[in-house]
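Below, chain A partners chain B and then partners chain C, in two separate complexes.
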Partner chain A sequence: MNIFTTDFFFSIIRIATPILLATLAAVIGEKGGVSNIGLEGIMMMSALFGSLTAYWTGSWAVGLLAAMAVGLLEALLMGFFAFKLKTDIILVGTAVNMIGSGGTIFLVKVITNATMGKSLTSTTSLITKSLQVPSWNIPLIKDIPVIGKVISGHSLLTYIAFLLVFLTGVLLYKTPLGLNIRSVGENPNAASSVGVSVSRVRYITIGIGGVLAGLGGAYMSMYYAMGWSLDMVAGRGFIALAAQSMGGGEPIGSMLAALIFGFAQALGIKVSATGVDSNLVAPIPYIVTILSLVVFALNQRRVEKRRHASALK
Partner chain B sequence: MKKALAVALSLTMVFTMAGCGSKKETKETEAKTEAAKATEAGVETEAGTEKTTSEDVKNVVYLVNGNLGDKSFFDSAKAGLDALVEAGRITLNTVEMGGTDADQPKWLQTLYEVADSEEYDLIVCGTYQMPDYLKEVATAYPDQKFLIFDDDTYAGENDNVVNIVFKQNDLGYIVGTFAGLMTLDTSVDRINEDKVIGFVGGYDSPVINDFMDGYITGAQAVDPDIKVDVRYTSDYVDTAKAKEYGISMVNDSKCDIIWGVAGNAGNGAAEAVLETNGGWFIGVDSDQELTLSDELAAITLTSGLKNVGNSLIWFFDEWDAGNDLFGQRVSLGIVEGGVGIVTDKNYDTYASDDVKAAVDAAIEEVSNGDIVVPSAFDEGGNEAAQELRDSVRP
Partner chain C sequence: MSEELVIQMKGITKVYPNGTVANQDVNFDVRKGEIHALMGENGAGKSTLMKMLFGLEQPTSGEILVNGERVNLSSPTVAISKGIGMVHQHFMLVPSLTVAENMVLGMVPKKSGMLIDYKKAVEITEEYSKKFNLRVDANAKVMDIPVGMKQKVEILKALVRGAKILILDEPTAVLTTQETVELFTELKNLKKQGYTLIFISHKLNEIMEITDRMTILRGGRSMGIYETKNVTPEEISRLMVGRDVILKVDKDQAKPTDEVLKVRDLEYVNEWGKKMLDKVSLSVRKGEILGIAGVEGNGQKELVDMLFGFNAPNAGTIEVNGENIIGLDQRELREKHIALVPEDRMLYGIAGTASIEENLISDRCGEKRLNKGILFNMKSIHEESAKLVKDYTVLCKSAQQQVGSLSGGNIQKVVVAREFSNGPELIIADQPTRGIDVGATEFIRKKLVELSRSGIAVLLVSADLNEVMELSDSLIIMCSGKIAAYFEDTKELSDELMGKYMLGIEKQTPEEIRRVCHE
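Take a look at the complex of A and B:
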């Protein structure tokens, strides 16, 4: 069987999108010195409320906005605990992840019981094709052989995600806010001494991350799968943290890292068709992670060495 | 002031979290009083097909190691127990212990608590996640009776525990027969020329392979040329991953019928079928045509049922009739109503009369033992199932 078909490359992009969105959240967070390990939990909560709102309003666009708003709110709440009340942000993140699992099932039962008179444990039965984020066949490009089949026809969110890679780069390196975010991340005291409001910048940082993770959650429940179900994000928020570090914390690098994860999983799926033991297929994404981290570390070391060598000359 | 606010907020957070997994006890007091009244009057109450004197109203506690509302296992068990409550045969106390990793420590503790309270004639729990906890508590409280459904890890080791398992291989055989017949009937919408059907399982484990074993055997009995594409998600929650597998099965292997046996994740296979317009989906455990959205229900041909509730009623029938099954592994099949297949709605609409007759014949043959379906739980059965799987790959 030929593995490298157009739908293989298409699936790489489809698989990578939610990871990419969460990865960008992690990239901005780390630049601003905010280690948000709660991305997974935010995605789960956004996935739930995105799908619920889409059902209530009958509009995927409103659902998408709700998912972003919930992501923002949850991130700001995290910020409140971490920056205002000085809780360890890792603990806050852990709490958010636990709420993302136990809290969502609790909320969905209470909410559906109140609004529909019966408590549902997933929103799978509510989301129909018309409530999903639409996919987009790009004019002209879709007619190009091979490339058209790979690039065209993805979810609107996929194109937004790749656009956001570019926008994240612009935000971080071409705007005053980006400069503030980076300086607060590098040295909050120095930033503070020149009049930058450290806490304001941090709230903005974590807030942007929340919105991005919210988009990732919406992708999960409103495009990738039909509706929210318990633990459906299934570790993508954590993989994003790995992708951020694999990508050296830069937008483009992290995008490539997310695509590597997409490639790994897509490969696993195609390989499973040939009858390879599923216990060998399942860890492929994780093996790829480790290998990539090794390659990344070796590369870093070479760069460092070269820099030292040139400094000595 | 700020400090007070901080404390208040963190307390709220803690309580919200504790609240998420906290026990929600529902005491069926009404039933209890009714039952008590019945006892006084000495009236006979009816339940199911069996008649029983109300003197032996049993106090039962049902420990859910997850949450009700799963439309599957836990709900099915609850429905069976509720029917028994309504019939005045038992009183019921249901404890939802929560299903996340964070909830797990509570399971053992709750088991100890209810065993120690000596309030109950029977403690009911289920699934593969419970046996280790149950064994510990059952050993510590030898006079307390326990029932665990859908697991037989320590079957027979404690005289006070009964293990109820389901003949999912029989169920698989029926579903496989049906899927095999349908994939040959190209007059049905979206059924392609290729004799390939699919199976998305959770893990490459005996429980899942037991379904698969029957499924393949059933399909092959229809036509030995039928190929079966088997994939495992290695996961029960990742719907999106199951969808990726489903898409690959439709596009790469030309499957036109996929049976999803991977918990919630299995629905991803239905979504794949819908998105690729690739044919039909078959549900599992409960009637999924009733629980999926209209679009997904429309492409769901039938569901293979595991009737936990029926099996509990069956158990109480036996118990009340004086048949002590404790200390045993009880395997329930089609005859006992432990497993079955949905035969109304889409099944009724799309299956031809010939197909229906053939499926009925298969049910008959399995019921009366003319056909013995291999099981992954037999000695060396899992390996045999894996070999069978590899031999029918498309």
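Take a look at the complex of A and C:
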């Protein structure tokens, strides 16, 4: 049977969206010298509070805002521990990831017990179709054969995510803030010697990452999976770190890397739908990941060699 | 030239929290529009004094006046606002940004509200570049431009922020000869336009060529302010180089025998294309201490790196007991019985969080006598470390104590205990007593003499004149990557003579220098 249908390509974009959002967070973070490995945990927390808020207020828009706010708050808290209290940022990230797993299930039980009188272990029953982030059928484009079917009809958040790729590029390379972020990431002494406040820039960097990861979490619980459940982000926050590195830390490159990961997962799902033993299919995304990382590393080495050679000349 | 003083530093004393006195009652003043040299050997207190002028450090006592007005320079931002700029030796630039972006960092021109006006940044860069005749490529990334141009960017960065007084911290240290010539033309040009320059250096010829006046520091004190045209190089050298207290070390006449270390025509060009070692040849024989003196940065570090496998030369040979050692790693060098007391003990000498014992056995832990099957033989390890701690009088609670918690002198004793005790035939001692207490210093010096008299070859590299003159049997002086002089007997030497060779005022003939090869 033919795997590469328009449905398949549609699903690549659908699957890649949350990875892409988190990848952009990782891109900005790395540029600013803030290695945030806690994206996974932030996505989990935002996914939970996004879905709960949407249910409480009856509005997906308010839910989305709540998810972003929670992401921002958690990221700034990470910043406080890492920059102010000088905790190793990798440890802070690890803690945030653990809270994202164990802490969310604890919170969802306590909160739903208090508000509804019954302790739920997921919010899937709360997110109805009307609370889902709406999809958008793009006028005109939706009528183009093949292409229309692939790129029209996605969640609003998908379009926002791809727009954000562009905006991230503008932010990093065309604005004074972006210049400060890049210089703080590369040589904080140089930045502070000309009066740039290094700690302020770092807070902004991690904060933007938190909002982006928050959007990714909202996409998971308010569109992709319709409700929060335990460990639902399933490693997307970590895959984002790999995508950032594979994309050379640049917005466009990292977007392509995120799409490769989306492709791998979509392929896994598609192949298992053909009746192949799911145990054989399960490794596909991981094999693709490893292969792309190898290709990336080889390429990186070549670039470095060339740079070294030209430096010696 | 006007006599107006733009900078006055009066009675400046700086004591660091650990008790080090970096500057003591120093008076320093700079006239408007002059190039003023700040001279002194490493550790003389030049950098500290300038850090206080740029707001990076605050004086313990004394006062600073800028344009006659008393100021409190609490941070670089304040110093910049008073018109003081600094060109750091280690550039404060962001490599992946363009020259123009580095220029405007922290004061970015904007357009349509929030975007960078990159065109304007390039314009500013080119305007200043033209105005001061400092040619830079505004659109190139800093990582792709040569060192000389990076330095120009640093100078322009200070100028664009309104600096009228520029502090240049050893600006020629990283430059090739050609770049130095260019820099001097540019500095003279800046002076013509009314800028005031403070030039930190310890290179005599440069000072004589470019400066109007100079302040000489020695051991944290000022040796006075002089008009460049009124002093001779000999006087400067006498003021700059000298010992305040002469320490005596008792030692017998050396009776050197077979050649152990043989270095011939060693050359090394660093990654920036600067020649750091130029045809260096020397020999060290059993039973003698050969000292290497010289102002730091004249190739000593590079030479030691070559000898202990941290770097490879571009040309030349290094042999130990007749065998080539270039390309060997440190383990293999140790198997050839070469020991190193490294200059930076915290980085290369010890593992700070490991115990004294672990540090002591780290070079020999694979040996049979310290192992039992696949596990350590703790009993023999304890015996060995206890013996070393006792022999080398390491002051500690027990050999299990973290080595990083010891004092500098005791840490160094741990290093030498390891390096001296595993049957070395050649010891390379690089600044073996820098920054440690008198007791430990004396102990280590005595040990070095004792070991050499027992038939070990010792190569001693030291910036401490006392040490290198008293310990060495014979001595070479390095200047600009070359050996400037060889003295077979250190007893006949005076500080004054040493200074002349160290600063490049005099140089021996190739034949005289070649005597160090004992051929």
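Assume the second predicted complex is superposed on the first by the 300 of 313 C-alpha atoms of A that agree within 3 Å, B and C clash if a C-alpha of one lies under 4 Å from a C-alpha of the other, contacts with A are read in each partner's own complex, and residues count from 1 in each chain.
Rule of thumb we're sticking to: contacts are C-beta pairs under 8 Å (C-beta built on N, C-alpha and C of every residue); 3 or more make two chains touch, one makes a residue touch a chain.
Fair warning: this is a prediction, and the values are worked out from it, not measured in the lab.
Novice: Using the overlay on chain A, decide if chain B and chain C clash or can fit next to each other.
Specialist: fit
Novice: What is the contact status of A:A114 with respect to chain B (first) and chain C (second): first, second, both, or neither?
Specialist: neither
Novice: Tell me the contact category for A:T124 with respect to chain B and chain C: first, second, both or neither.
Specialist: first
Novice: Mind working out whether A:G195 is in touch with chain B, chain C, both or neither, as first, second, both or neither?
Specialist: second
Novice: Tell me which partner A:S183 touches in the superposition: chain B (first), chain C (second), both or neither.
Specialist: second
Novice: Which holds for A:F106: it touches chain B only (first), chain C only (second), both, or neither?
Specialist: In the superposed model, A:F106 contacts chain B only, not chain C.
Novice: After lining up the shared chain so the two structures overlap, which partner does A:L140 touch, if you call chain B first and chain C second: first, second, both or neither?
Specialist: Touch status of A:L140: no partner.
Novice: Please name the chain, chain B or chain C, that touches the greater number of residues in chain A.
Specialist: B
Novice: Which value in Å is the smallest Cα separation between chain B and chain C when the structures are fitted on chain A?
Specialist: Between chain B and chain C, the shortest C-alpha distance works out to 21 Å.
Novice: Do chain B and chain C touch any of the same residues on chain A, and if so, which?
Specialist: none
Novice: Looking at the complex, which residues from chain B come into contact with chain A?
Specialist: 6, 9-10, 13, 16-17, 19-21, 67, 69-71, 98-100, 102-103, 203-204, 229, 231-232, 234-235, 237-241, 243-245, 247-249, 251-253, 264, 267-268, 271, 274, 291-296, 390, 393
Novice: Quick check: in the complex, which residue numbers of chain A touch chain B?
Specialist: 1, 7, 11, 14-15, 18, 81, 84-85, 87, 95, 98-99, 101-103, 105-106, 109, 119-122, 124-129, 220, 224-227, 229-232, 234, 265-266, 269-270, 272-273, 275, 277-279, 281-282
Novice: Which part of chain A faces chain C closely enough to touch in the complex?
Specialist: Those residues of chain A that touch chain C are 170, 174-176, 178-180, 182-183, 186-187, 189-191, 193-196, 311-312.
Novice: Would you pull the chain C residues touching chain A in the complex into a rising list?
Specialist: 76-77, 80, 88, 91-97, 101-102, 105-108, 110, 114-116, 157, 161, 271
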